[in-house]
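A, B and C label the chains in the order they appear, each numbered from 1.
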Amino acid sequence: MTRKNQSSFLYETPGPRGRRNIRIGTAISVVALGGMLGLGLWRFGSHGQLDADKWLPFADWAIWQYLLVGLGGTLTAAAVVAALGSVFGVVLALGRLSKVRVIRWLATGYIEVARTIPVLLLIYMMLFGLPQLGINFPTLWKLVIPLTIANAAVFAEIVRAGILSLPNGQSEAALSLGLRPHQTMRLVVLPQAIRNVLPSLVSQLVSLIKDTSLGFIVAFTELLYRGQVLSTFNHLLIQTFLVVTLIYLVFNGSLTALASRLQKPGRRRSPIPLSLTALAGPIDTFQKEPRA
Amino acid sequence: MSASTPLRRKTVLAGAALAAFALALTACSTGSANVPGGSSDDTGSEASLFAGAPVASDDLILPGSTMEKIKERGHLIVGEALDAPLLSQQDPTNPDSVTGFDADLAKLLAIYILGEPNVEIVPPASETREALLANGTVDVVFNTYTITEERAEQISFAGPYFSSGLAVAVKADNEDIKGIDDLGDKTVIVGANTPAVLAVPEEQPTATLVDFATDPQAVQALLQGRGDAYVQDYTLLASHAESNDDLKVVGQPFTSEPYGIGLGHGDADFKEFINNWLLEIQESGHWGDVWTTSLGTVVESDVPTPPTIGSVPGS
Amino acid sequence: MNFLSENLGLLLQALGTTVMMAVVAGIGSLILGVLVTVARVSPIPILRWAAFCYTQFFINVPLLALLILAVFALPDAGLILPLAPTAILVLTVYEAAYVAEAVRSGVNTVGVGQVEAGRALGLSLGQSFRFIVIPQALRAVVQPLGNVMIALAMNTALAAAVGVVELTSRANKVNLVYAQPIEIFTTTGLVYMAIALIIGLGAGWIEKRVAIVR
């Protein structure tokens, strides 16, 4: 019998008693879970929230178009942040690995600060602080700049983990072939490092797409804000936000599934779970990183 | 490392499909909400609303003034909401169409300056209206912007263009609360950044305030029992009471809220220009028509008299 | 910095709310997350599937959307709570998904030999979880869990968007009166950084004490 479950080393192939226990457990779980779900749905319905007339407006293609354009705005913002943030992030990662102490300190300092400030606070600072200094940006940038500041730091850590996980032999071989250090980095180390951490990067993209929902606060045309405007139009607050949640779930879920397929198949030991590499620092089970 | 195995090929294809979908959405999204000009998709009724609207003669557009700048640019940039029903609400089935009392007045102003209702909307977020005016991001603010002396220190107001008041709404089965006087020690729901935030504590210092970002959220909160009453603009409450039997308005409006048009600080030329425009549309009946098609749909009364311009401190 | 002296009481109260939310949600999410992990690696397929759906849902849906749904849709599903507890509930459930993922990776680092030895000694599945697997799993992932807790503390700021008066929303309200955004928000940022630093140092200290030297 093949082991399908990655963690099934925890228990033996069940014998008859084990199988019986599993059946009992399954029955209890189904009843419990189904019961909770059913209860919630029933109460929901008894408040009239499942009425057809509350959901029919969503059969209108124009409404979907409105929301999907909002999703487009979300993706635009995410793409801009990803582009800027990844460039900035690579620079920061290299800075943190630099031999020059000042650069290392500056990069590390920036990374540590940017990772521990709530993005919402950065957005408020942009909304209120910059106009006082006379600077003003279009709405897209009011969202993109705070997100870039925060996400560049996370990208930097992911890329740094990738660089450090590469065997030393790669850069040593490149140097011995006569490549200069920056050429080594550019031609040998970085491409491989990024390829290694691609799943983490995609997972971070999912996290980024979620963060763009903060565009709600700056009234940027993204999915959540469009959901808000729609809800004031059709007075169907609950249904609208449920639909918006569904759109996020489907789109991000596909990305997450894509990311897990990008992982090298065949490693039994689970690498860092994708969702965690985004916010967890670089931690490799076999190469512990001392926290600075 | 080439995409050789079937799994990798499928993955690459899936990724490409997702990326293509995303790209298509991105392409569609450029040129969405903040699109100048709503005249192309206007329904017949809107066209008739603006028929014969006054247009400023050229001698009124003083050289070097804000009006001239707007005329050269070709569209008016307005700070107004997209999610305020009856005042300025975007229609999701037709995102170019934003209608309501504030929205339509802004279009009339655009016609006055430019001859066409070319309006670009910038929704103010989190009480940034003074900031948007101060650094010139928007030309005017049409956002149920109550005239106060504190605000008049940072920006200028034209108008007032409408006089409203705050009223109290409760659940239909609530017999205890008959008006603002009964709100002592109660939990009162208010809209964030509305005049109610300051007005309720003034009348009832012992009331606890809970604020919500939008009007529909506040109504929902009231109906779910998160508060005993909801204090908001009288016309908005009337519109909810009419469409929702679970809610009723009690008592009379207990404040007077003069709405003004926000503009840059110290811009006396622009202020005079806008005040002239207000007088003209009041005389021509367009002000009344705009009221009838928006707020007038829920209030059973004749067209109210517009307030006297400059009658409020700060305006 | 007169805004500080005049509003110190309000700001400290708001900070207290933030810390309280972070602590309660933190403990809750740790407990719930471990339970979800146990379900995820259990031999009962339904539980594994339910735990998988749970984590996938919360990892792919934005917290802000969940907060709005919880405040406005949950009451109609039968659960109405004041705003702050609602926010805490949402944060707990949301971060539990991340905790579950972290602990799951920890479970996978537990040596097979450990579990086999437990089985040889006659421990049941539940006992081997309780005494062998989970303790070692948790000790292996102290650092990622610390990061999840830091993310949780930062996410309490989002509760401001649904009306909870915590540090960020109080800072915003103070700024509306004083209009000194640079000073006010920088100070607030420093407070959050201090919170994150404390959590990070705490995680580091715990890790040194319980680290498994392999």
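Note that a contact is a pair of C-beta atoms (placed from the backbone, for glycine too) under 8 Å apart; a residue touches a chain by one contact, two chains touch by 3 or more.
Values in this document were obtained by computation on a predicted structure and should not be read as measured data.
**Student:** Steps needed, at minimum, to get from chain B to chain C via touching chains?
**Tutor:** 1
**Student:** Using only Cα atoms to place each chain's centre, name the chain farthest from chain C.
**Tutor:** B
**Student:** Looking at contacts between chains, which pair has the highest count of C-beta pairs?
**Tutor:** A-C
**Student:** From the mean C-alpha coordinate of chain B to that of chain C, what's the distance rounded to whole Å?
**Tutor:** 38
**Student:** Just give me the whole-number Å value for how far the CA centre of chain A lies from that of chain B.
**Tutor:** Roughly 35 Å separates the two chain centres.
**Student:** Roughly how far is chain A from chain C, going centre to centre by Cα mean, in whole Å?
**Tutor:** Averaging C-alpha atoms per chain gives centres 16 Å apart.
**Student:** Quick one: which residues in chain A touch 2 or more of the other chains?
**Tutor:** Answer for chain A, listing residues that touch two or more other chains: 124, 128, 132, 217, 237-238.
**Student:** Indicate the residues of chain C shared as contacts by at least two other chains.
**Tutor:** 72, 76, 161, 172
**Student:** Hey, what residues on chain B touch two or more of the other chains?
**Tutor:** Only 126, 213, 217, 220 qualify.
**Student:** What residues on chain C touch chain A, complex-wise?
**Tutor:** Touch residues, chain C against chain A: 40-48, 50, 55-57, 59-66, 68-69, 72-73, 76-78, 97-98, 101-102, 104-105, 107-109, 112, 115, 119, 125, 128-129, 133, 140, 143-144, 147-148, 150-151, 154-155, 157-158, 160-161, 168, 171-172, 175, 179, 181-182, 185-186, 188-189, 192-193, 196-197, 200, 203-204.
**Student:** Report the residues of chain B in contact with chain C in the complex, numbered from low to high.
**Tutor:** Those residues of chain B that touch chain C are 126-127, 192, 210-213, 217, 220-221, 224-226.
**Student:** Tell me, which parts of chain B touch chain A in their complex?
**Tutor:** By the definition above, chain B touches chain A via 1, 7, 10-11, 14-15, 18, 22, 24-30, 32-34, 82-85, 89-95, 122-126, 128, 131-132, 134-137, 213-217, 220, 243.
**Student:** Can you list the residues on chain C that touch chain B in the complex?
**Tutor:** The touching residues are 71-72, 75-76, 80, 82-83, 161-163, 172, 176.
**Student:** Of all residues in chain A, which touch chain B in the complex?
**Tutor:** 60, 62-63, 66-73, 75-76, 79, 124, 127-128, 131-132, 134-136, 139, 195, 217-219, 221, 226, 228-235, 237-238, 254-255, 258, 261-262, 265
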